[in-house]
């Protein structure tokens, strides 16, 4: 099968959906000439013109408002809110204005909005351009969240997100773009349903749930652990909301042991939510404490010397896995 | 400006409808029949009516916490609205929204927002959609004076101006945001000047004169449809009651309150219509009686409607 | 001992700290004439004058900015951000601008800010004025969070919050104010350290961790459970960040069973975080699944008929406790 | 306006210092010695220098992503600043901040903010504090043109105006926000008009003429100290380089780029100072040599400094 990059996969997903449905349009800061800061939307302006690809002022609350208002009236907006931290600038707009009305209106209104944002550390982008806010966003009822780790998942999930009638947050990891990560992606059209996890590696000793960049680190750790005779199963939830509990529980039936590895400060992270779900609904399957391999509860330091320590990595995962063996 | 008789009568009827609705809701609230909080718009009726008299059913509005008048003027029936405020199953939003969040796309209302400022960017989004879809619809955001100091107002209005969207920001300046006077909350003495910071027209009108409101909005709608972009309109009005029911509004001087009662837009409009020969006293009285009857029915409908079943908690969300 | 209301306790705390330290000042929407919408700051303007009690425009981001800037330059601001949902309007300001700089600056700057907000449902304040955002705020590194359930705790915690050199969020529950809840509060000055839980009721069968209004519901449920022969221990964490793990673990040593009851949508709630901590650090003490008694993952419905169902209550707690007995 | 010789020489020296710093940082970045992103302010030097020539050490500033010039003009030493940008332990913020978040209360800098708009309310808070404490300090927020469209700009400036705070909002209008032109992002053609929406003075100056900047800020500081409230100043300037290092800024026409190089504020100031008899050619050259030497030292310091120890991850937070 052909291989394309994570960046190309994102691009293809948006491109295909824009050509498939003329109600889909995309706007954000610097999407027109830059095709977004990392270039994943490059060429769409030339292809679809100024009515389908719009550069906005630096006005994140207006951008979410524009997404809501246009979604309510027949359009299917994709709004590019660059860095995950900028989502906090329009947090009320997402939490109150975008995610509550379907319920509050008794089903009288719906907002098919896709938000796309970069997340993730590892490129010394410092304290305000490096975060993953998955756990914080999971506290928002009414929002679906996807966080793909491979080109295949990125394309399939983004296409589903754009077709979804509820608001969806799409996170993609800067490192997976900038490292030029490649992967197999069929020529033929496909989508991946929201809310379905993927077992990235089968194993029998410990279940490791990991997202985005951490999925790759977990897979790398798996090889090292194998050398030590420990066989981990790596599950990538792909969707954080709703989350695919069944796939995790199924794995735990085999392993009885769970480590969750995500790139967020531990407290209030997506790892906490997953741990809570398991401790509540699959307690009887557990044979050991649930370990969370996360970042410390601090901002993200700039210097690579500290950023590297701040981020969860293979060694930390190996240590956690070993501790519960 | 000449307004056709039919429309004038609709305007009068609608102003009376809002007044009767608000006062009766106030009574019902005082009688303990309405849960939560209600913010009434008595005294401000000329604003929503002067605005909505320029709108079609498929034009869009967004509203705020003091939104009953906006919704009524846009055409929401009193019965399902009252039932909603009573928290009943038959309410326009099944009782899930209440007074503060009335929403009905059937009359073009994208929602009443409790977070100040939000009505602006949301309506701007509807205006963007109208432009992208190539329709001649317009979108109006109703906000209060206090809301002029929110970031959302700024970002939304600037975006609409930059993109020349068919949008109107209509500010009901009743000079109070809860207990805070607008002239303490900004250095402006003329609120409509705020528009100058966006490069768009800022018009101040007497918000208790429905003709003045109508004309300003008429121009703004025409400008919007010509593709020239948004207009900011300040309707200078006043609140007859407290911020919400139960607020004794002691922070306002008695003089100011009396002044407001004197500026009542409804007798003023009625007098004018009679002078113009559009309406006679008995006809006006009849309208009032009819509306009261309509409101009696709405209240009856609301009272007799059941509350939603407990299972409704789990519907309307993808959980 | 004298009894005062929850509202009076909040008032006394602010009043005492303002008279103790002239750097303390308070501002917010409608604090001057209204003394805040529920009146907890009434009289402070008359007592301390216009330089210490300021009404702001409706500008939550400017308010947090004003708190940060004044805190950095020698003042000790208390900023009243009315309803918890309004915190999301200034979420970036709290998350990025207020809570990161101490760390990001390498300790070069500190912001002694107290934020006060109402939270909680039960008065039909509808979807945008009824929420508890504890779990969402716990995802913010660098922020301390307190959530008192009694007049005694309210006074002691708010005083400590005002004296704290890090940013502190104080939540207080609308229902505990409006119901006129009274409790013993000494005349003599006292403070309660941040980060210390309180055992509100001792018991031996099940540990129930509950906050704010839920503490009271848990205590009421305890009486009913007692009749069924089940003896629950009720722990009120009081501080959610940092959280007092030790007190919870200590209780679990006795009971081995944990139910967490908080007034938030379950996913991403403070209950999830507490459950995750226990599943990670005190797994061996557990003899049963950790139950979370929370609200559904939706906005809060207006009508009392549904709001009542939405809120966690005694019956739901009793059911959860009984399930793990 | 007469400016004393001492100050003029400081201004010249500081402009050169910023230029040399920025260009050398650009080189080091290109050589792969600097982690992350850097946004250089080459060409904009007259703005921070014209501003800070009016400030005392105990006056406050807030800064943004393009902040090196602000910090240097406010007095931050080049060595600890360079070390910070290199991510070293000896950096002013122990390497935790980096280029984008330089913070040092010792020179009155409350922080450089990466979230556009934030510098405004934070500086407004410092101005509030000055007023409450009864000092005569002033606070300046440095922002770019793109930031004028953020809600924080609006809320902060309105608050400062309403409360008449000793605050200056200084906007470096280089006409670009990343790849987006300011005149596409707002309907205003004269940015300084935005001030009219707040009822405060809005002054436009040639931001490449340090005298013009100095004078406008001089007035604004005087106004602030008289208790008359904030001023908004637009410095019309231009960016010599891309948005950040690595940006090829193809979205700008070559003509515009050439034009910007021609408007260079440093030769212009130098020429003027020589005409005024404040400086001779050899003296000016000497200043340049000295600064280059200073920068060599700073780079050496940064390069030779160690990275922070891993345990530093866990300090400076209460966790």
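The chains carry the letters A, B, C and D, assigned in the order they are written, with residues numbered from 1 in each.
Everything below uses one rule, namely that a residue touches a chain if its C-beta (ideal position, glycine included) is under 8 Å from a C-beta of that chain, and two chains touch if they have at least 3 such contacts.
Quantities reported herein were computed from a predicted structural model and do not represent experimental measurements.
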item: Intersection of contact partners for chain B and chain D; value: A, C
item: Topological distance between chain B and chain C, in contact steps; value: 1
item: Identity of the chain that, by mean CA position, is farthest from chain A; value: B
item: Intercentroid distance (Cα basis), chain B paired with chain A, Å; value: 40
item: Whole-Å gap separating chain A and chain D, where each centre is the average of the chain's CA atoms; value: 36
item: Chain A-chain C separation of Cα centroids, rounded to whole Å; value: 30
item: Residue numbers of chain C (touch at least two other chains); value: 56-57, 59, 61, 85-86, 89, 92, 96, 103-104, 126-128, 141-142, 296-299, 301-302
item: Residues of chain D touching at least two other chains; value: 91, 95-97, 101, 113-115, 117, 149-152, 155, 158-159, 162, 184-186, 316-317, 319
item: Pairwise touch network: line, ring, star, complete, or other; value: complete
item: Partner chain D, residues of chain A touching it in the complex; value: 29-30, 32-34, 37, 55-59, 61, 85-86, 89, 123-129, 296-299, 301-306, 309-310
item: Complex interface listing, chain A residues touching chain B; value: 25, 51, 54, 56-57, 59-75, 77, 92-93, 96-97, 101-109, 141-142, 144, 166, 242
item: Residues of chain B that touch chain A when the two form their complex; value: 60, 62, 91-97, 101, 103-105, 110-111, 113-115, 117-118, 120-130, 132-133, 139, 151-152, 155-156, 158-159, 162-163, 315-319
item: Of all residues in chain D, those that touch chain A in their complex; value: 35-37, 87-88, 91, 95-101, 113-117, 146-147, 149-151, 177-180, 184-186, 250-251, 307-308, 310, 312-314, 316-317, 319
item: Residue ranges of chain C in contact with chain A within the complex; value: 85-86, 88-89, 91-92, 95-96, 99-100, 103-104, 126-128, 133, 135-142, 241, 264-265, 267-269, 271-273, 275-281, 283-284, 286, 288-292, 296-299, 301-302
